[in-house]
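Presented sequentially are two complexes of chain A, the first with chain B as partner and the second with chain C.
Presenting the complex of A and B:
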């Protein structure tokens, strides 16, 4: 346990979560706690259970036992689409940019739960729709500007290079004004420069106080960002601590880092 | 937060880009407005049907192109609208009220089938709507109250007010044009707003849309209800205009025609639906003329239609997978950039 964790309030808690697929034990009694304002990395080899854990937190899968709570409230009965409105933004690894929509429109979708107007108001162009549309447009421009996407704001997002698409996804998440940003393998498939650019963006967000949880295969990427790291191996938490502590943990070296360094 | 406002404005401006589509739409609207006054009554009927087709097709494109769900029985909602209008006005309800209620009854039918079907994934809605159409047509054909297989004759003309009765084909032509324009404006407003972006997002990835906060199931249901309402509007006008409806007026072939329309025009654009409706209704006329040539069996128009739609779909999917509108849009885009480069 790092010192900072005890002084900050808890934003996400995973409590003895287990999940099996047939004979495969994907997660066994996994618990962890993320504090407000921290950047937490979840690392582990392929098949360690990272993605399963991510999906369970994101409410795309239910656990066999245990539970997840966000800001003290259990997520057991929250549908996946309600998380954004609670301030929990999720970026899936395999998430595609929305087709035939510009970068700006993609980002505006992320503000969905911060606006109210529905079908009827939209169709009839009521005054409240106008106000909200102006608001979301301005907000999306702020995000586009911050992420340095101004030049491509009107391009179709699916036609952009992979690294840009990742930034668009982050922009989409930011448009929902999140408290906690959950990223699934954000660095995967990115080139060296794209990865650095992404790390810079995330660093800035973290320094501004956003809580970030990274589920990531790329150890170096996580070590450069996270202040605390949880290591999963074969569905169990085998270590937790600062990057320094994790680097020196013999169990982690044996299970994961050693092989990753050789790879 | 400091934003480069000048840059924002520049980009917003460049977004509107070419004014050509708007210009094209304005020309089309002027032609459509003038056309009824020069058409004879047979051609006016074709005009009315084309407009009504387009109204249904726009609804279907919202469902297929934007919400990513397919309805193979869209004609059933046209039928429900038509029968609502016919039965209510036959029982003394003012025609204008029957006309207004028709889309709501279509929506109710869509709600009843949509709730169970849309919670399932995949093509259940497609099969479910097709089954629904066959069932409803079967029930109607065997219910005396609904006119049975002979249908309902002598449906009164639509009266907008007690003194203003629509009588001529010309007046229905203008009414259907006004309704189509209304449907297009309302649909366009929808697409360019919060719920519309939600729909477009979920057509690409449901998981991604849900992560952004879009209630996927509910939105698919709403799009389905809206498409049913558009069908109901078209059906009601059809009933008042022709004065006679029967189960045969709303065949499965009609449902397939709607699908072909939006495939031809392009399902991811409401303009595609309009262009598709226009192309298909001309094709239907040609095929009917050919199919009813002297000496051909009665089933010939239907056979021709199926063959022509099959062929058309193959050609479109092979050469213009995004439909006519996108195909021309792309070429036009290339042309304008080429001419800009020349400058």
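Presenting the complex of A and C:
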């Protein structure tokens, strides 16, 4: 472990999590730790348990044993909708942009978790609530600017090409001012150029200090972004290390990378 | 000719009531994708409670307001029960609302009896060039215009409206954004209750309601809402007005008892037409 990693504090911890579906062992005794400011990649072949792990962290599924903690606090009793308010933003492939809303409106909805004043305040339009809503509006435009979505900010999000929709999904998550961004297969379904554009956006966010954890089967995409990688195979962690170490790990090459990494 | 103008204005007013009931269904469906069968119950209960409030000596306006607020609270309760736990399927919630609507009969018959109850409303009549219009109909139209502009602004312009809409568009995504989807659903039911109660107190002076009027009301509201694809208030308004006018014309020139059949016929035609349209587009007719 390098010196910089030791001085960083831990933001997410997965502690011996296991999950079975009937006779299928999706995850077995999986542990990992993500530090503040890190970009962690989780890779593995189809069926390796990546999505299951992601769903358990996102509280869309519960584990059979083990637990997940975020900034030192167990998530065992946190409902899925409370995570965003804690600074844990999740970008699911399936969570497409909201229909009948423009790009800017979609991103604004992402600011919901930062609201301190509730429904009654919204109905009464109290001054403090109005200040909050204006803040979210301002933030949404800043994000649009950062993601390069200015030209399409007023277009309906569901009519955009897939790559743009993915950026809207990320923008929506950013509007909640996250500390940790979890991305579920962000590059899947994207064309080459879209993939590069997404990588550029993510690089920028990482350099700004956002902690990112990405679950992805596109190995090249992960290698270009992550500073450390965890490899899952048949529900177990088989390796963990820098991209260089992973590339050279014989077990990983045998189980998953094959010759793809050298190509 | 004068007769026709009279039928048209009455039809538009009755149609506005159907549209308001439909808008309650739309508000709930937009957020929860649940079809609330108890929507007619909100109107009946709102009207009955208003009639009691008035008979206890509350002044006009205040008594009706009590009815609308009570219907809103009833809406919240129905929402709480129908959306008992997170992840309940919309069909299960629909069945719960049927159960609650039937259970409400016991309460209604027990407290108010089984005979139709009326409200005073506005009794005055406007006359111009031989046409006589009861002012209550004009009040209905005026209130509806205000309500529909308000609904449109609330759902498409306000921040909380965006969050509510997000729930129905993609409840998965909304939850990830930190939105408590169930709570938003209960709020939508509350809004549906207010809209139902409002339609109840507005229609009762011209059409007395009894405990089992809810079926008729919810079917007409549903017909209006279906024309709006269950998600658009402005189309639901148009749908309601078309229904109301057709119904008045049938009642005026032919037989009043066919009104329900006509409404159901329009629902079926709309669904068949939309289904065919969606099939051609390759999208699901019923999301």
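By our rule, the second predicted complex is superposed on the first by the 254 of 263 C-alpha atoms of A that agree within 3 Å, B and C clash if a C-alpha of one lies under 4 Å from a C-alpha of the other, contacts with A are read in each partner's own complex, and residues count from 1 in each chain.
The working rule: a contact is a pair of C-beta atoms (placed from the backbone, for glycine too) under 8 Å apart; a residue touches a chain by one contact, two chains touch by 3 or more.
Nothing here was measured: the structure is a model prediction, and the numbers come from that model.
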**Study point:** Superposed partners chain B and chain C on chain A - clash or fit
**Key:** clash
Point to revise | Partner with the higher number of touched chain A residues, chain C or chain B | key: B
Review point. Between chain B (first) and chain C (second), which does A:69 come into contact with in this model arrangement: first, second, both, or neither?
Key: neither
Practice item. Report for A:188: first if it touches chain B alone, second if chain C alone, otherwise both or neither. Key: neither
Practice item. Give one of first, second, both or neither to describe whether A:150 is in contact with chain B, with chain C, with both, or with none. Key: first
Practice item. Once the structures are superposed on A, label A:95 by its partner contacts, choosing first (chain B), second (chain C), both or neither. Key: both
Exercise for review: Could you look at A:20 and tell me whether it touches chain B, chain C, both or neither (first, second, both, neither)?
Suggested key: neither
Review point. Does chain B (first) or chain C (second) touch A:109, or do both, or does neither?
Key: both
Review point. For chain A, what residues appear in both contact lists, the one with chain B and the one with chain C?
Key: 58, 79-85, 89-92, 94-101, 105, 108-110, 112-113, 119, 122-123, 133, 136, 172, 176
Check your understanding: Which positions of chain C touch chain A when the two form their complex?
Key -> 86, 158-160, 162-163, 165-166, 169-170, 172-181, 187, 231
**Study point:** Footprint of chain B on chain A - complex, ascending
**Key:** 58, 60, 79-85, 89-92, 94-102, 105-106, 108-113, 115, 117-119, 122-125, 129, 132-133, 136, 141-142, 145-146, 150, 153-154, 172, 176
**Study point:** Contact set on chain A toward chain C in their complex
**Key:** 58, 79-85, 89-92, 94-101, 105, 108-110, 112-113, 119, 122-123, 133, 136, 169, 172-173, 176
Point to revise | Residues of chain B touching chain A in the complex | key: 1, 3-4, 7-8, 11, 14-15, 186-187, 189-190, 193-198, 200-201, 203-205, 207-216, 222, 226, 268
